[in-house]
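A, B, C, D and E label the chains in the order they appear, each numbered from 1.
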Amino acid sequence: QDTIKVGILHSLSGTMAISETTLKDVMLMLVEEQNKKGGVLGKKLEAVVVDPASNWPLFAEKARELLTKDKVAAVFGCWTSVSRKSVLPVFEELNGLLFYPVQYEGEESSRNVFYTGAAPNQQAIPAVDYLAEKEKVQRWVLAGTDYVYPRTTNKILEAYLKSKGVKSEDILINYTPFGHADWQSIVADIKKFGSAGKKTAVVSTINGDANVPFYKELGNQGIKATDIPVVAFSVGEEELAGIDTKPLIGHLAAWNYFQSVSTPENEDFIKKWQAFTKNPKRVTNDPMEAHVIGFNMWVKAVEKAGTTAPDAVIDSIIGVSVPNLSGGYSAMMPNHHITKPVLIGEVQDNGQFDIVSKTPGLVVGDEWSDYLPDSKDLISDWRAPMSCGNFNVKTGKCGGKGT
Amino acid sequence: MRCTIRRLLIAAALLIAALPPLAAYAADLPALVRGLGVSNYDELDKAIAKLAETGDPAVAPVLEALQAGDLNLRKSDGAVVVAKRAGSGWDLFDPLTGAALGPAERSAVERIRINNALRRSLGAALGALTLMSPDPAVRRSAAEAVFKSRDPAGIEILDRAIAKETDAGIRTAMQRARAAAVLNTDAPEAEKLAAIEIIAARGDRDGLGLLNTVVNATAPDAVKAAAREAIGAIEHRLALWAAAQNLWYGLSLGSVLLLAAIGLAVTFGVMGVINMAHGEMVMIGAYSTFMVQEMFRAYAPGLFDLSILVALPVAFVVAGGIGIIIERGIIRWLYGRPLETLLATWGLSLMLQQAVRSLFGPSNREVGAPSWMSGAFELGGLTITYGRLWIVVFAFAVFAALLVALRRTSFGLQIRAVTQNRRMASAMGIRTPQVDALTFGLGSGIAGLAGVALSQIDNVSPNLGQGYIIDSFMVVVFGGVGNLWGTLVGALTLGTINKFLEPYAGAVLGKILVLIFIILFIQRRPRGLFALRGRAVEA
Amino acid sequence: MLTRFLLAGLDTKAWVLLSVLAVLAVAVPFMALAVPPTSPWSLSMLTVTLLGKYFCYALLALSLDLVWGYCGILSLGHGAFFALGGYAMGMYLMRQIGSRGVYGNAELPDFMVFLNWKELPWYWHGFDMFPFAALMVVLIPGVLAFAFGWFAFRSRVTGVYLSIITQAMTFALLLAFFRNDMGFGGNNGLTDFKEILGYDIQAPATRAGLFVATVVALAIGYILASAVVSSKYGKVLVAVRDAESRVRFLGYDVEKVKLFAWTLSACMAGVAGALYVPQVGIINPSEFSPAASIEAVIWVAVGGRGTLAGAVLGAVIVNYGKTWFTGVLPEVWLFALGGLFVLVTLFLPKGILGLAGDLRQRLAARRSRAAAGSNAAKEATAP
Amino acid sequence: MTDPLLYLDGVSVSFDGFKALNNLSLMIDPGELRAIIGPNGAGKTTMMDVITGKTRPDHGTVMFEGNTDLTKLKESTIANLGIGRKFQRPTVFEHHTVLDNLELALKNPRGVFSGLFYKVSEEDRKRIEELLDITKLSPKRDVVAGGLAHGEKQWLEIGMLLAQDPKLLLVDEPVAGMTDAETEQTAHLLRAISGKHSVIVVEHDMVFVRELGVKVTVLHEGSMLAEGSLDTVSANQQVIDVYLGR
Amino acid sequence: MLDVSGIDLHYGAAQALRKVSMTAEPGKVTCVLGRNGVGKTSLLKAIMGLHPTSGGAVTWEGTPVTKLPPYERARRGMAIVPQGREVFPLMSVRENLQTGFAPIPRSARTVPDEVFELFPVLKSMLDRRGGDLSGGQQQQLAIGRALVTRPRLLVLDEPTEGIQPSIIKDIGRAIGYLRDKGTMAIVLVEQYFEFARDLADQFVVMERGEVMMAGAKADLEEGEVRKFLTV
């Protein structure tokens, strides 16, 4: 066997195809590039693409197929948390490697998974800090799609805001179903909540398809960023591509990467990407960067270990650091999360974000939130001898608070 | 820092009031403009304040350019210039005089960026500067801007502007802006009470927000009491309007449901085809809109506002044509086997989704709103967005047209004859294949029309259709299969119920409750809202 | 009497199918566990779980065919019963995790811990006991189906109206289970199971055992269903499908007739779901999605509605197709699957299994026509 | 005098204001064979709908065996009380064979579980053979009913009615589409089963009605117009005007 | 003139017509007789094109129509009153009648007065749904509907079934009247022998899918014919 296989596990059909197809393409590009550079360990890489079709059990099945039938060395994939939860036992059972590129709710750390997207402390909390400081926001609408990521993020944010002295009546939490399309009442409610004489902002964990109608309604009802800014964690360049952003100028998003980052690395990446997709208008976004980082880390770790064997890679990858696209270096931490800068951007009329704030240094992904009672005592460290994902610093034992 | 600007503006306004607006500061202006060339938001804020302080109307275009993102820093000499796109590079202009400064390379300039805080400062500054503009629309928005900024500095200018203002509406707006500003000063109690009265008369959410700020801030008790009373009055008024607002939301959601369902009312309701590909016909309509708009963007950007009107017939023809092809190719073999149409159209819907995904890519496509469909207007205490209003009008128009087509034309009669008894209809001399194809085409075409409208409020993506198919079936069945009026009333009922539940139960629970309502309702009326009854149906 | 009743319904098709299942029940575990992995005869665990999944789907298809194929009730919500059975099993499996969860809480599943739940909701009690959970696997779908059917059939909701309210039912459940407040893990559902009946859920032997259990359940389901449809009650069922009101005038209580089949079918679907969950390792609300239920209908239609073997065949073939296409043609597999559905409707109106019957009939027709033709020819040529 | 088996008292039914039955009263004795005639649209079928529970009357009661009010019961209960019906348009189970159609109609327990464990008894087999003979469908016993010609379906439905062995048979236009000879046979058949059973038969075929030779009730616009022997009613000028014609 | 020659017709594997031939001429009533299930309805279906034939030819007014779909035949002046009425159940009586407009020119699209003269009940029920009518009323509607197309060939399948005696007489008179206009060929399937005998100009007697006897009324002996109708 003279190739090393890399699995790509992203939905190419169904509801999530809209987001995940791009990630498949970026992986194909990275593999191609790496092969131009001579591959890894002197072998060519071979991408194995499958379609889990936005169907969560199918994710598990396809993961098993990649690991046992195709015998891939690592898998890059998943978007939604549920798809990750679905494949997790498979990766642990078969000792595979998964690089997960999307911001998520945290509260997880697996020996076999590398979380290259943001944990809540790398996205949500800095965004709220920004609004509180720079926009003097005192009243908060936490609007999200009704599933685990928004629920957890909002729980963390609620605890965080309260710890900062925000009163309960100044927090409005609202959940909507996936794909919610009629935002009239909710946008009106936001307006109403914002007319209490205190500066109000919306923290949006609205996910996927629901965003376009949400922003269209915001625009139509004339909610301006200068009045009630909306900061989103799941809206990037790809999502904005479907909306006329003129009425939305100034609304915000918090990510670890924006296409508008002006660094040579990023400009080079955008150029390659647009050439690869043969589309000079094709945009880039944060999860793509996460895959770039994750892929490069894996390559480096494999070369360091001299093998693709999972155990060796798991050992060697910790501490590996690779350039990210915003001008710094991201490192894989012992908790399998990475260090990232946090950027806040404002929507421009060209569908891009103007970066209005950037953390001075890099932020380490915090898998166990400090703001949830049962996880604040937990840490994760996959280096020997601890090698534990849920070490309780109070009890000094691995395995949560249990014995 | 906002305070600084305000204080400076007060000074400026006082100066303007005292002196005739001379070009005394003109000599300083270029230097002040040059001062905008900083990359730090705080410094930029100060620079804006200094410019505004001059009170010189010549400053307005500079600030407008900054607001629009056209103001750039020329890297070679640090000059602040206006840059306009010209081919691959820029054409540069002097921001004060508008004089052309020649072309420049793309990378020769750097845009001066602003953030929300600066946008607010700019709005306030521009508001004060443009209150005397000859353009009434500008004056009106200037008054609105001052109302929002509540800048005490504006009071003096407002007083003069009010004195000069001839348009009653704008004068009221200015008076309200003035009142808002007064409430932000240490003006005597009486003056503040008068201001509260003016704000209370405004009676809307913005007024409410402002009064709430008064209550939250430090103020004499009498003022606070008056503000509280005014708040009570406004809230009472808004609460009264809330029901109407909900009704409007219900009507507008109902129209969306109606639009989505009405094509299905033909293919499923009339023809009996369990048309799982209905949603994809809607999607094709939306993509047709996208295509038409791309054409407009490329060849006639000036006429973009007409693109939707052109998209309507295009979407109808494209979706209808595809419908006819589907009928001739597949459906026609399945008459008399309605359940199998489910299988075939499900397969079709998978293929159409994938076809669109392969053709247009998996991500959202941008469909823009023409200007006449953007924004909102106030009607009493109602906020009505133009987009929604047009969709309501459009939905009813389509419904009426379809009703006439099916009830009043011989084609409609033939459609119904064919669907009730195909063989007998044929024996009566009705060209059944033609009627079948045209009927399915009609239903698909109408779905395409719906797609044009829905592209205005929803994603244009390969998944568009999936989001509507279930709702559409619910509406048609709830209303009573085969009854167009049922579809109309069904859509509006479900829309309204949903919108009245949503404030209490939340969107998720509200939707669950609507579904449970449908289940229970069908128990009472097993053949839908407008059930056909009698032996005609049972036979 | 029971055995006679059960065996009476089995025709040749049934015996063939049951024999295949029996062979699989023995051969698959053997090939997966005993044959060395280097041998070409060895089966991977992937294949075993895949087959297990297909057979769970087959049992679901079977249950759907019972009501749709034989009683004319097109359920667009059978996935709900399947999912409820799955959740009942999932709850048992969750409780078996014990303190091995990430937070080490012996009482509460992880998702409750991090959403700050303080104690186990009442409806989770008892699920730590397998017999109780097993009972719930049939009872919950059964009771829901019974209540739903009791109202709907009594109100004489039929045809598309019934179909749509079954869809509304599963859609409402989807949204409800999505809600984290419901206490079923929200969108993430229940996952990360550790053991079942004390056996490590990831151990090959356990997987093989689950596979055998699925095959046995499918076989029992099949025998039961064929016994039901070939009894006189089965004929009444078909009569109800074809002329419901006429059956009433013969004195049959149509509501009860339907209710029995409907409830039985829901219980079968529940069992299918319960077997499915430990094999795929997750149960989440997407199983309630209307599209999932429609897909089950499609399996039945592809295999041949109104033939039990067809339902089984359809489920296996379509799902095998899906597995295969998504791996081989990841970018365009929907064309292949969608095309398959269209072609089956156009060219195999009675489904794959109907094809055989059709061919036989057409052959007979041709033969008789040919015979008639040659007779006529003979007569014509006779002097 | 015996109590009537069936007693309709003041029954009215209207559809969107149109009175299909108008204060109709009628009495059928045990074992009686009664012919009902009347113009198209007089309400004959509607009357049968009311008796069998298909249509609920607006007013009036329908008493069966003296003390059961049929208007409150559901169709299957009424059928189980012993009221069988043949429809105007023959309705049989199109996907079942002739044999199965008869088997389903046979008088046996109707419950789900008795259906599950039912096995054809010798007696049932014999009865089915008899019925096949009567209806002359023996050669078509294994044909699915959907493939029968119109007249054959009529016969099959009569066979199913007999299989039910009801106390009261409601027969709506049994000889429509039958040849004269078959018409005659049907008349014989109905006469033969009356006595043990009560029969109400609706027909427009006067030859057939004459053949029955029983009391005739004439319905018109939802109420009774005349009653008596065929000769008496056919002499009635009103009956001639609205029904028989010249 | 209608010329049916040697047609075969199958339902699946079962043959319902074997080499059936017959003719019908304008101004004459051709009566098809036979017991239940001998194939009378099947013959009419073959004439109207409602079921495909597997052999033989149907010629109408000199042109072969065997391969034409029913609506093309209707456009050539053929109309049928089917067994079982087959009115459009959810359409009003008026609309049912209007379906007959399809094959005729726009200018002729009125319901002929003779329809309401023959069946006055239809006039009073114009707005009632076809499916709500009583059996006999539906039968009248079906005949009326066929007449709206101004056919030159009228095919009637047991039109007296379920009709009250006085209207049977009316229908008889109507058929007689239509025949006497001399432009219409009429094919009548009947079980009601007296009715058929009084109207018929020629007979076709069928048995088990085949024509047993055919000829002008004068040429046939009633007893012979009746033999095929008894059991």
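Note that a contact is a pair of C-beta atoms (placed from the backbone, for glycine too) under 8 Å apart; a residue touches a chain by one contact, two chains touch by 3 or more.
Per UniProt, the chains are B = Urea ABC transporter permease subunit UrtB; C = Urea ABC transporter permease subunit UrtC; D = Urea ABC transporter ATP-binding protein UrtD; E = Urea ABC transporter ATP-binding subunit UrtE.
Since this is a predicted model, take the numbers as computed values, not measurements.
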A-B against B-E, pair bridged by the larger set of C-beta contacts: A-B
Chain separated most widely from chain D, comparing mean CA positions: A
Per Cα centroids, the chain farthest from chain E: A
Inter-centroid spacing, chain D versus chain A (mean Cα positions, whole Å): 74
For chain C paired with chain E, centre-to-centre distance based on mean C-alpha positions, whole Å: 51
Chain centre separation in whole Å, for chain D relative to chain B (CA means): 66
Centre-of-Cα separation between chain D and chain C, whole angstrom: 44
Residues of chain B touching at least two other chains: 353-354, 466, 508, 511, 534, 539
Junction residues of chain D, two or more chains touched: 15, 89
For chain A, residues contacting two or more additional chains: 12-13, 146, 175, 177
Contact set on chain E toward chain D in their complex: 11-12, 14, 35-37, 41, 83-84, 121, 128, 132-137, 139-140, 158, 161-170, 191-193, 226, 229-231
For the chain C and chain A complex, residues of the former touching the latter: 44-46, 49-50, 53, 99-106, 110-111, 113-116, 175, 178-180, 185-189, 191-193, 202, 280-282, 284, 286, 322-323, 326-327, 330-331, 333-334
Complex contacts: residues of chain D adjacent to chain C: 52, 54, 74-76, 79-80, 84-85, 87, 91-96, 100, 103-105, 110-113, 115-118, 160, 164
Chain B contact footprint on chain E (complex, rising order): 48, 50, 69-71, 74-75, 79-80, 82, 86, 88-91, 95, 98-104, 129-132, 145, 149
Complex contacts: residues of chain B adjacent to chain C: 274, 276, 330, 333-334, 337, 339-344, 346-351, 353-355, 358, 466, 470, 473-474, 477-478, 481, 508-509, 511-512, 515-516, 518-519, 522-524, 526-528, 538
